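This report concerns only the one structure given below.
Chain lettering (A, B, C and D) follows the sequence in which the chains are written, and residue indices restart at 1 in each chain.
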Amino acid sequence: MADELLMGAYICKGCGIGDRLDCGRLETTATRDGKAKFAKSHDFLCSAEGVAMIQADIDAGETNHLIIGACSRRAKVEAFNFQNVTLSRANLREGVIWVRPDTDDARETTQEMADDYIRMACAESKFMKLPKGSGEQPLNKNILVVGGGITGMTAAIEASKAGYPAFIIEKSGQLGGVMAQLNKRVATKSPYAEPEDTTVDALIAAVEADSKITVHLNATVTKTSGAPGRFSVDISTESGATTNLSIGAIVQASGMKQYDANQLTEFAYDKSDNVVTQLELEAMAKAANGGPIKRKDGKEVNSVVFVQCAGQRSDKEGHLPYCSGFCCTASIKQAMYFKDQNPGVDTVIMYDDLRTPGAGGEDFYRSGQKKGVIFTKSSVSTIDASGADLTINFHDKILNEDQSMSADLVVLATGQVPNSGPDPYAVPMELEDDASAEDKQAAADAHEVAIGVDSILNLDYRQGTDLPHLKHGFTDSHFICFPYETRRTGIYSAGPVRRPMDSMQASVDATGAAMKAILEIESAAKGAAAHPRSGDLSFPSFRIEGCTQCKRCTVECPFGAINEDAKGYPQYNESRCRRCGTCMGACPVRVISFENYSVDSIGQQIKNVDIPEEFDEKPRILVLACENDAYPALDMAAQNKLEYSAFARIVPVRCLGSVNTIWLTDALNSGYDGVILMGCQKGDDYQCHFVKGSEMAHYRMSKIADTLKTLNLEEERVATYEVAITDVERTAQLINDMAETVEKIGMSPFKF
Amino acid sequence: MSNLNNQMVNKYRNDFLKEVEANVEEGDWVKMCMQCGVCAGSCPMGPYWDHPPQEIFMMIRAGKREEVLSSTSMWMCTSCYNCIARCPRELPITHIMHGLAHYGKRLGIAPKNQPTLKFSQKFWENLMTNGRVNELKLGITLYFIDGFVQGIKNALAASGIGLGMFKAKRLDPMEILGGHSVKDKSGLKAMIKKAQEIEEARISGNQ
Amino acid sequence: MTDVVATNETILVVGGGVSGMTTALEAAEAGKQVILVEKRPYVGGRITQLYKYFPKLCFPTCGLEINQRRTKQNPNVTVLTMAEVTSLTGSEGNYSATVKISPRYVNENCTACGACEDAVEAEFDNEYNYGLDKHKGAYRPHRMAYPERYVIDPAMIGTADADKAKAACKFDAINLEMQEETVELKVGAVVYATGWRPYDANKIQPYGYDRYKNVITSVEFERMNDPMGPTGGKILRPSDGKEAKDIAFIQCAGSRDRNYLKHCSRICCMATLKQTTYATDADAKSTVYYIDIRAIDRFEDFYQKVQKDENVKFIKSKVANITEDRETGNPILNGVDTEGYNRYATPHELVVLAVGMEPSLDASTLPEGISINEHGFIENDGTNGGIFAAGCASDALDVNRAVQSATACALKAIQVVNRVAGSEG
Amino acid sequence: MAKEYSYYPGCSSQKGASGSNLQRSLNSVLDVLDIKLNDIPDWNCCSASIGYSGGGELPRLALSARNIALSEKHNPGQEIVASCAACWLATRETKERLEHSEAMRSGAEEALKEAHLEISKEMPKVRHMTEVLIEDIGFEGMKEKVVKPLEGIKIAGYVGCQTNRPFGINGESFENPMYLDKMVEAMGAESIPTYEKKVACCGGALAFSEPQKSQALVKGIIEAAYDNGADMIVTPCPVCQMNVEIYQDQINATYGTKFHIPVTYYSTLMAVAYGKNAKEAALDGQVIKAKKLEDIANK
């Protein structure tokens, strides 16, 4: 593509735009104010013919920067999809005519709205370059799998089957993980009636037979540096030997450990050998090898009680607040161990809610009942181990009475604890400039405490050594729509480290994680972004001469994508970057930019809006809206023909986190009367697709007050909101509210 | 009979569920209950049950032998089959209730003077005499079930009914002289006797 | 005529709900050719009809927006809407699928300007809102419906209204002569993401969904709570349009029951817990009648949160039957609270049946020998050749598990077409 | 050519017994519909799901097994039909139980030997009279024979328990079956499809032992019929018919109600609609006279 800037503006007259707006004038605006090389109108721009017209201009070398004044950037995407040119869209339909009444009084302000959007699109176009990707990393198909349990092995096998070599790093001396300790697994196939083989041996055999899979036993990851497509990973064995691997993407399958039953003193786990955990029972069942299961003292077990939710689903100190999900079916399976060997053994499962979901779960529950396993809805208060046998004291919730029964053995369903590394954000690392040395020290200490656990990945990242946690130590992800999106690009957790799960789910999860690893490998090689801006070739670069090494960008990046070099300058890692622009928003000296999204590409749009004289009584309200949620909501408000103020000028942003305060100060200085920021919900149930972007923006805006004071402007002129994609009426309302506010407090004095 | 009861106590020790599975009609199903309570809520006589079926199943699992077998609850069953129709686990609850009632009676620990127990017993005896039910005799025996005086009261209270039925030719006074009957009484009796022997053997045969 | 390029290195995804979209997009972004076949006129499936997701109470359309953007900008995905796979034959690496495409009567010229909708009078039951309201004969199924194109209801064809619609379109986007067509596709791997349908509540006779106006289903309740839904986000009683302030939720309505669906539908407990928050937001009281609350794994947090809400009551009981108070139109729930045997006959203003998930897979379209269990789900047991089941075609799953399953299926399908590519070159 | 069935009349249908009017009216109807019933010779009582105190499981099953065996012996190849709900239920249940449980089957066979009887592997199908009418004749077929449509009579169709559960009529709901209403409509009368007590239990089994409890249930059934503006109640079940009809005075005495509503059999309706006279329709068997039907019958 020619470097010369050739801006061509195309105005669509369809969908009523032609009837409502003076398109001739829009063309003039584009060429005169917007400095477009030419401007054309068309009755039906998205038609085959209209598109052909544009393509012809491109082919003829007439233009390489397109400005399309038509519908919303979210509409007709396929039609306006041109290669090797930049595209700016002026939203004349959803953004102008659909939100304004078709009246004579409204006509003038509506036209002004449209003119501004054309100016803005031209300004954006002028400051946009065509992104090409950095080519920072090659195609590296190697996948590192941390953990050699059923999850890790499955991930490796599935990746290998698709042609991607896998390297399994297993801490212990053999593969198999927790599953290898199991006697049998819960039924995974119809009719879901009998315990099944764990398949661990088969998996190990498959791994060993697979030429594309390399296994490192007794090994840990001692250093991970680089980025997707070019990870450099040090593997160290107990012997001290270190291997370096060049890796494309990583699957963390570090699994789970058993909850420490010693904390359950009320259940006498610490007092009696006859109170065991589920995992310990598996060992006993294996030892019995089909024969009667014996207690440690050699006595054959003739009666066994299973205590569900032991130390789980409880807010008691040291207990697990969550449900481990797998224990109900696991206990049913274990009761079957006894029943299948000798139907005469009494097996009682004491549960509160029996959680055997799905098709298989309920069948397996019924199968347990058929075999004579007894289910008692109850809460176990204590277990008395003073006698030869155990006495279980419980409250029968159905008969509503306290009872006690004796048993040879008690099995505690104690659940899973994820094997996560330390949470980088256990203590917030963002420290204000003005934080005292003591505060910083305190925070640092607290951080040390919080990260007492061993690291799994030893990431050589500015923001900590491991995957961030979401809750209860499970690794973070937007776990409904995009469950694999951790906050470290190219590193995907799978299995019980991500959420409590059984082995069947873990296998599915492992396959999914392998898919994501492969996808990231392919994207990185193209220099394309991963979710949610998948395919985006733009990446952040910075002017080193301007940089003050303030570290804001390296600290605030939600994905820990940016490192610091020895001098404290940021080191960008394209393939770790999600292209949200939070770094750009963070930079006080505005040296960070993307080819097609920069301080200028937005700033100039703001500057190019026509600001009428104060006495014209035509205020200007700047709306910076998240492109994924707030902007669609505004589109839908337009579809529903909701009206909002003709004085609003809406600029979609990748994420509110990318909003640099300079845009606001510039806007206010140049006479805007109000500014609205619309981002996504933040906090635990964050909806921000860049996790922290919206939160950062709110944090920064909380500081804007000072700026306003220095300009002695009213605080109400700037408002920041959490807006959901469903806030269709609300978004329009927020704009109108600001218009009212401005009317109340008067026009900005800064109009020149 | 109650020595059979003792035999059973000794035989099954504390495992009442096993006893029920072995000796009670359809008792095998008890373990399949998931305590949803739909049966309890569906019973037209519900309010009169000390323990609704689902609770009885839980009591069986909890080994509450005496409480269950001597309960009046099962005798409240009207055989309307609502419970069976609605049970999500297809338990034949009606039959289990009949079975428990019968088993309690067989062991001699069913509640004394339970009216339905008596009626049920009379009904059986009545049909055993001729192989068919003689409604008049059944009626009369029932009126005197609680003794002569009460019987007269009952009879008087019901006389209107008897009269109405008589007028409607639906109560035949001639029945008192024998009335309907199967021809092959002996065959029928022999058959029932045999059936009873087999059942006895099955239950005490478990000894 | 729709012409679709497909080879045995192409992946066919049947069903364009959240699972199908996920499989299709993961595979397409990894560079594979994908054809996504969706029965409805738009992608997104059932999640487009949900107001909020549990447990975050965030909005499904938020994730949908991203997936639709991914679809719009990815040339590797071909989306066929109003299309159904009527038969599938062949074997791994070499399947041929017959796809029936119903006429939309609107072509790609459509700009979704809405002129046709304004022009027509005729209205039809709105399936998107489970028939709680009507849509015009020319309509856009919902505000974010993609492809961003209108639909003409077939029932309107041949009426004067249809001509009005055609006349109103400035872009010649309406073609009333459009016919049903059939295309044959050669593909290497097939992922079934056919999803689920709500169990037919009419069959749950004891609850009288067919007899009592104020007994509704959980999916209808979900639509009611959407501010853009049929009641503008208000919880209104069908009988008298009054706001319901005392709402009962009946769990396992059609699930865990040999009379209906034997399996546990997994999502209903969480869906109900979520819906009690709608009720609380509307100053209504909730009573949840349940057998077991299956708020599995991390969802337990949400259960505990709801338990702390004094507007929500939990009763461990499968409701026996529902009768109706003729005066008030209040459904009366009859049953026994099994925790200590307490009999109840409690009137509520509105009853919501947490209806189960029934797989909407039509097994007859599959080749012989595919593992389908007694509940109607396809089992990915490794014996199905190049055919895989994603999301609720494989089991009753919530959204995040469906997405995991769908992501896994993308890799399974990629393995197949990679093998084909390998063997062929 | 008449359809032939092996018929199990049951105790209440006997001459001079509580359900004799069912039998009589039914006979007049079947003769119109050209259906021939061959009584099972020497049939015995089924113990009607109440004999369980005295009779154990196997003895009770044996009773019905005997009837089945007799039917197979004397009416070979014919389906067994019963008009009494209890009889039908006991017999059909026995068939299924013996087919599902080897133990029960061998026990029953051994017992039957004592009476020199036996049952075959595939026992005959056991059907309810209404099943025969609905499935073999059909609502249209029933309607065709109507000569005196029962115009102007509003009838609450009371199905009761055992005709409906656990087997019921194929394709009908346990909670709200429609077939009785359809039969009423077919006879030209007005039905009440929304009658809430359609399948409620009348407590018939406890009528003698727990009269108060049973009558409390009957009260609800009659009340609902009045609330729906019914002129009369119709039922297929002899126990229901008797229980709902004959205790109305006692109920009135207990609750101060003024119940006086006729309760007839579907067969009574049909007989009248088919032009039979009051006697043939067994209207003389009513304890509470069904005036409106009598008027039509005497026309």
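The criterion applied here is as follows: contacts are C-beta pairs under 8 Å (C-beta built on N, C-alpha and C of every residue); 3 or more make two chains touch, one makes a residue touch a chain.
None of these values were measured; they are calculated from a predicted model.
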| said: Going only through chains that touch each other, how many steps at minimum separate chain B from chain C? | reply: 1
| query | What chain is most central when centres are computed from CA atoms? | reply | C
| Between the pairs A-C and A-B, the one where more C-beta pairs touch | A-C
| note | Distance between the CA centroids of chain A and chain C (whole Å) is 24
| said: So the centre of each chain is just the mean of its C-alpha atoms; given that, what is the distance between chain A and chain B in Å? | reply: 65
| task | Provide the C-alpha centroid distance between chain A and chain D, rounded to the nearest whole angstrom. | result | 67
| said: So the centre of each chain is just the mean of its C-alpha atoms; given that, what is the distance between chain C and chain D in Å? | reply: 46
| remark: By the touch definition above, chain A meets two or more other chains at residues 354, 377, 398-399
| message | For chain D, give me the residues that contact two or more of the other chains. | response | 174
| field | chain C: positions in contact with at least two other chains | value | 206, 256, 316, 321, 338, 341
| query | What chain pairs are in touch here? | reply | A-B, A-C, B-C, B-D, C-D
| Hey, which residues of chain A end up touching chain B in the complex? | 346, 354, 365-366, 369-370, 372, 374-377, 396, 398-399, 403
| Which chain B residues qualify as touching chain C in the complex? | 34-42, 46-47, 51-52, 54-55, 82, 86, 88-90
| field | Residues of chain B defined as touching chain A within the complex | value | 15, 17, 31-32, 34-35, 54-55, 58-59, 61-62, 89
| In the complex, chain C residues that touch chain D | 205-206, 208, 211, 321, 323
| task | Would you pull the chain A residues touching chain C in the complex into a rising list? | result | 14-16, 44, 46-47, 71, 74-78, 81, 158-159, 161-163, 189-191, 313, 315, 321-325, 353-363, 377, 397-400, 471-472, 474, 479-484, 499-501, 505, 508-509, 511-512, 514-516, 518-519, 522-523, 531-532, 534-535, 628-629, 632, 636, 639-640, 680-681, 685, 687, 689, 724-726, 728-729
